[in-house]
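Structures given as structure tokens follow.
What follows is subunit A paired twice: with subunit B in the first complex and subunit C in the second.
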Partner chain A sequence: MQTQYDLSMGFHLDPRTKLLLMAVVSTAEFLYGHALFMIAVAIIPTILLISNKQYRIGIGFCILFLVALTVKEKQAFIHFNMLLNMIVVFLVGVVLRLSPTFAMGSYLIRSTKASEFISAMGRMHVSRKITIPISVLFRFLPTMGEEARAIKDAMRMREIRFGTKKFWRNPVALIEYRFVPLMISVVKIGEELSAAALSRGLDNPVKRTNITKIGFTGYDMITLSVSIALLAVTLFAV
Partner chain B sequence: MEKTNKLTGKDLINVGIYTAMTLAVFFVIGMLTVLPVLYPVLLFIFPLFCGIPMMLYYTKIRKFGMLTIMGILIGIFFFLIGYTWIGLFFWAAGGFAADLMLLPGHYQSFKFTLLSYAVFSLGMIGCPAPMWFAGQAYWDNVSDSMGEQYASSLSSIMPPWMFYAGLGILLMGGVCGALVGRKMLKKHFQRAGIV
Partner chain C sequence: MIVMKDVSFTYGSSGSDNGLHDINLHIKDGETILLCGESGCGKTTLTRLINGLIPYFYEGKLTGEVFLNEQEVKTIPFYQIAEKVGSVFQNPRTQFYNVDTTSEIVFGCENMALPVEEIMERLERTTDNLQLQGLLGRSLFALSGGEKQKIACASADAIHPEIVALDEPSSNLDISSIRDLTGVIRYWKNQKKTIVISEHRLYYMLPYVDRIIYLKQGRIHKEFTRAEFLCLRSTDLKELGLRSLNPFGLPVESEMKIKNTQLSLKNFSYSYEKRGPESLDIPELKLPQGEVIGIIGNNGAGKSTFARCFCGLDKAAKGIIDYNGKQYSAKQRRHISYMVMQDVNHQLFTEDVLSEILLSMEGQDEAADESCAKEILEGLDLSAKSEIHPMALSGGEKQRVAIGSAVACGKEILIFDEPTSGLDYRHMLEVANNLKHLQQEGKSLFLITHDPELIYKCCTYLLFLEHGKVLWHRPLDKKAEQLLHDFFEEECKAPKNGQLVDW
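Moving on to the complex of A and B:
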């Protein structure tokens, strides 16, 4: 059970390794260091994203991060007025701090199947009371994005969006027109999801089995040791 | 299905759905944190808008523990994006206290729902809480990453007494949020047959 080398699957990591890396990345960002260390932190999600064929997100993240880093380095020499400076500083801070976590999160969600995730959490002895809501949460974030886009398009036809005359007459209505339909459709989808899950025996009290094979492989070893070495070297040696 | 007091799969799925919705609302409004001047106002706005999904959520709650789990999940999320253990603690505590508040009303009375949501809102203090409890290290970190200017204007807006004032603001926001949410519930969701 421990190691099942399945090379035909190509590069893949155990969900537990991904979670560990996620924790490492999100903690490392707050050990605020110098530029080299921050680049090292950003390299991990970039490589993982590219390994998962998420080229657009991977490269977009990379460019965004480098731009923010450059602005931060140059910032001391340029003087904006106070308000503009505050906004620029905040945006740069947010990008530097949060974008590696989000890139990592995007990799984690896109590369992990729900069943893999649940069985990995089960191996970690996390209660099902936590794992079920988390996997529903993961499943719903992309769905909500799709639904929100569809509603946005529909509302545009009725001229309900930022900046139109209708909007300025009653700005609060925007929230109502956008958010209420979103909530209704999400609730409906949720009900269908629970019906599907119930008919597959989600409430069955016996211990559940899972045909998904998870286990640590050589890839996990390599990824973990390389990324920890990278972080340690840039944090301490420079 | 017979009635049990244990959480069933359906309840757990509901927890996931409404946590996703509340986080989405939180995030959209969170974009306003660009201006630290707005911080105290935000403490009012967050519970006000989160009231809409939360009131819908409250119509589904019939068992103990659903709010606690929600608090823990949101706490984990904020832990990951850097609000430290303090954030997680306050969120989980807020969820648990909100669960307790619902008990005497037997999940039917709006008065207790209002009270419970107001208490749940108090958990939101977990987001700015590291400012007061994590000490100097937090401030060093802020001024490193966001610049001196941001840090000094933030600390002038958030003096230590702001913690108690913040709780008060959140409580008010929670009560208003519950009322607004209930109005929305009556206006839209009951008509659409969701509730």
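Moving on to the complex of A and C:
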């Protein structure tokens, strides 16, 4: 049994390592340095995403980031008109500064198990009052996605969309139609979810055990040292 | 042992309709109790009293005493009740806390802080006993409703509870998943656990229950032994508002109109790139117009893919529909077809029923629109409710509002996805009447359902899908009745995927 479950556990990181890397990656972007340094920053989430089999997001992120970086580098040589230039600068800035954080976030959410997260936070002596709501997010985000898709389908069938006569009369209504049903179902799901979790004893005050072994392994050491070395080299040597 | 003495409960927030009054109940160890009654009769509330969600989670006014093994519930902390009572809920989608199956099964044990070796041992035992080998270590989001419900049962089982409380566990399940659920209940019964289950679908539970408690308006109205209950005639059951005890052999109630108009489908195909087996491949198909066509088939046979393709909801949907001499591509089909979803809440957007209908209209001439909308509401028996917020309506009424909005859009073809899952007899009847009414209006209806009673009530034509292909389609005549009966029989008995799900 043990072995069967461990099969899925090739390369994996402790949730704390992931959080640290996330912090490092998101601060590093704001140093906004040399192109090589930025590539070094972007490599970390790309490799992690690919290690977690999130190929589409990983490759998509990589391409988007490289395109934005190229535009940024070449921008001085191209003369757009002012408005266009502003938009380009803005978009490039957003992609370069924020997309690595989102990529790391996506990796963190998809690769971490909720109970693993609770235990890891427990080791850091973070109060359960904080960890439990955060851990619900792991479960909640995909569910919200499912709900949002169903609502989108429903709207398409009713032909409630951009550009119709109805729409121009009250454009804000479109947002309302999308969010009101979503809120209603999210509240309901949240309640049922909490009821289910509590009826499995989530509020038990004893220190819970965890069948997924958490704790720092060689992988954490390797990932951390490689990431730090990568950043240090590009930051100081270039 | 569960004892309730003069228990009354009213919910704090939303009215008093689902509360309980003067409940006196004594459940012996190892007994299996079935709670039944119409929606809102308080059977769900009763299960919540047993698993501690009342008074610890749902707020309200509780009087009287509830004892679990001679200890009063109010004096036991919630997490200790959770160690004694395993719970399974109605909605498979909202009762798991983890994202992967294995973590979910052991979740309760981890919360109890059992040592890891003990948890692994329990995981192994539960996996063996509930036949879950293929389901371990998978993402819960990729499982079917039936599989999710199995995991929920496993998670309750791993706690090793003395009591299991199930709240309408079969509501969202198809026939073969209900069969698997039956297996789990049989296993728990063999383990001498006390089982309390609230249900609308009675047929699958009957062989296992010791006592049936019929609730009405929050009170225990009648109590039956199994033998007494089996003596009830179908008219008695209808009077009590209960579902049939043998839903698979009911008489067909609707007849096909003899009309020659047909709609035809050509090159209907769809394949999921990633999700694998469920795809659709229908080179040509002619179906009658203006009928209630029941789409049946196993799980994963392509029923919902068919519906989505038909409505042009998926971009990758291919094929052409010929309707009244006009050709419709996937995108154009959205103008003539409408799907009433299983969760109707997703389809209602506005603040009151009338504006919901108006939203579907062009908005050129408001006065004309409004009178037309009122006419539609009149036809659906909703005139009295036109000022009410759609979310404040009952499930059946919500569904009628959704239907009304589709009619207002001028949709000719309506597809219903599991419209009666989790409904009691009276509400199922209401849906059946809605469907018949639409048929009389000349709409073409498609019906995806696992509910045999609904099929016998209103389908006039059947379309059987298997592995994304049409196996047969014909009017619901003697021959089709036999084929349908065989299909149900097979679903009820045959083990799924060659697995032996019999303990």
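Operating definition for what follows: the second predicted complex is superposed on the first by the 227 of 238 C-alpha atoms of A that agree within 3 Å, B and C clash if a C-alpha of one lies under 4 Å from a C-alpha of the other, contacts with A are read in each partner's own complex, and residues count from 1 in each chain.
The definition used in the following text is that contacts are C-beta pairs under 8 Å (C-beta built on N, C-alpha and C of every residue); 3 or more make two chains touch, one makes a residue touch a chain.
As the structure is a prediction and not an experimental result, all values here were calculated from the model.
Once the two complexes are laid over each other on the shared chain, residue contacts for A:Lys113 go to subunit C alone; subunit B is not touched. Shared-chain residue A:Leu98: touches subunit B; no touch with subunit C.
Of the two partner chains, both subunit B and subunit C are touched by A:Ile184.
In the superposition on chain A, A:Lys129 contacts subunit B only, with no contact to subunit C.
In the superposition on chain A, contact is made by A:Met144 with subunit B only, not with subunit C. By the touch criterion stated above, A:Met22 is placed in contact with subunit B alone, subunit C being left untouched.
In the superposed model, A:Leu198 lies in contact with both subunit B and subunit C. Legend: residue contacts after superposition of the two complexes on their common chain; A:Phe90 is shown touching subunit B, with no touch to subunit C. Residues 136, 139, 176, 180, 184, 188, 193-194, 197-198, 202-203 of subunit A touch subunit B in one complex and subunit C in the other.
In the complex of the two chains, the subunit A residues touching subunit C come out as 1-2, 4-5, 7-8, 113-116, 136, 138-139, 142-143, 146-147, 150-151, 153-160, 165-166, 169, 176-177, 180-181, 184-185, 188-189, 192-212. Residue ranges of subunit B in contact with subunit A, taken from their complex: 1, 7-10, 12-17, 19-21, 23-25, 33-36, 49, 52-53, 56, 65, 69-70, 72-73, 80-82, 141, 144-147, 149-150, 153, 184, 188-189, 192, 194.
Only residues 51-53, 56-57, 78-79, 82-83, 85, 87, 89, 91, 93-100, 102-103, 106-116, 119-120, 123-124, 127, 136-137, 141, 155, 159, 311, 313, 334-335, 337-339, 341, 343, 345-350, 359-360, 362-364, 391, 405-406, 409 of subunit C touch subunit A when the two sit together in their complex.
Note for the complex: subunit A touches subunit B at residues 22-23, 26, 29-30, 32, 75, 82, 85-87, 89-91, 93, 96-98, 101, 105, 128-130, 132-137, 139-141, 144, 175-176, 179-180, 183-184, 186-188, 190, 193-194, 197-198, 202-203.
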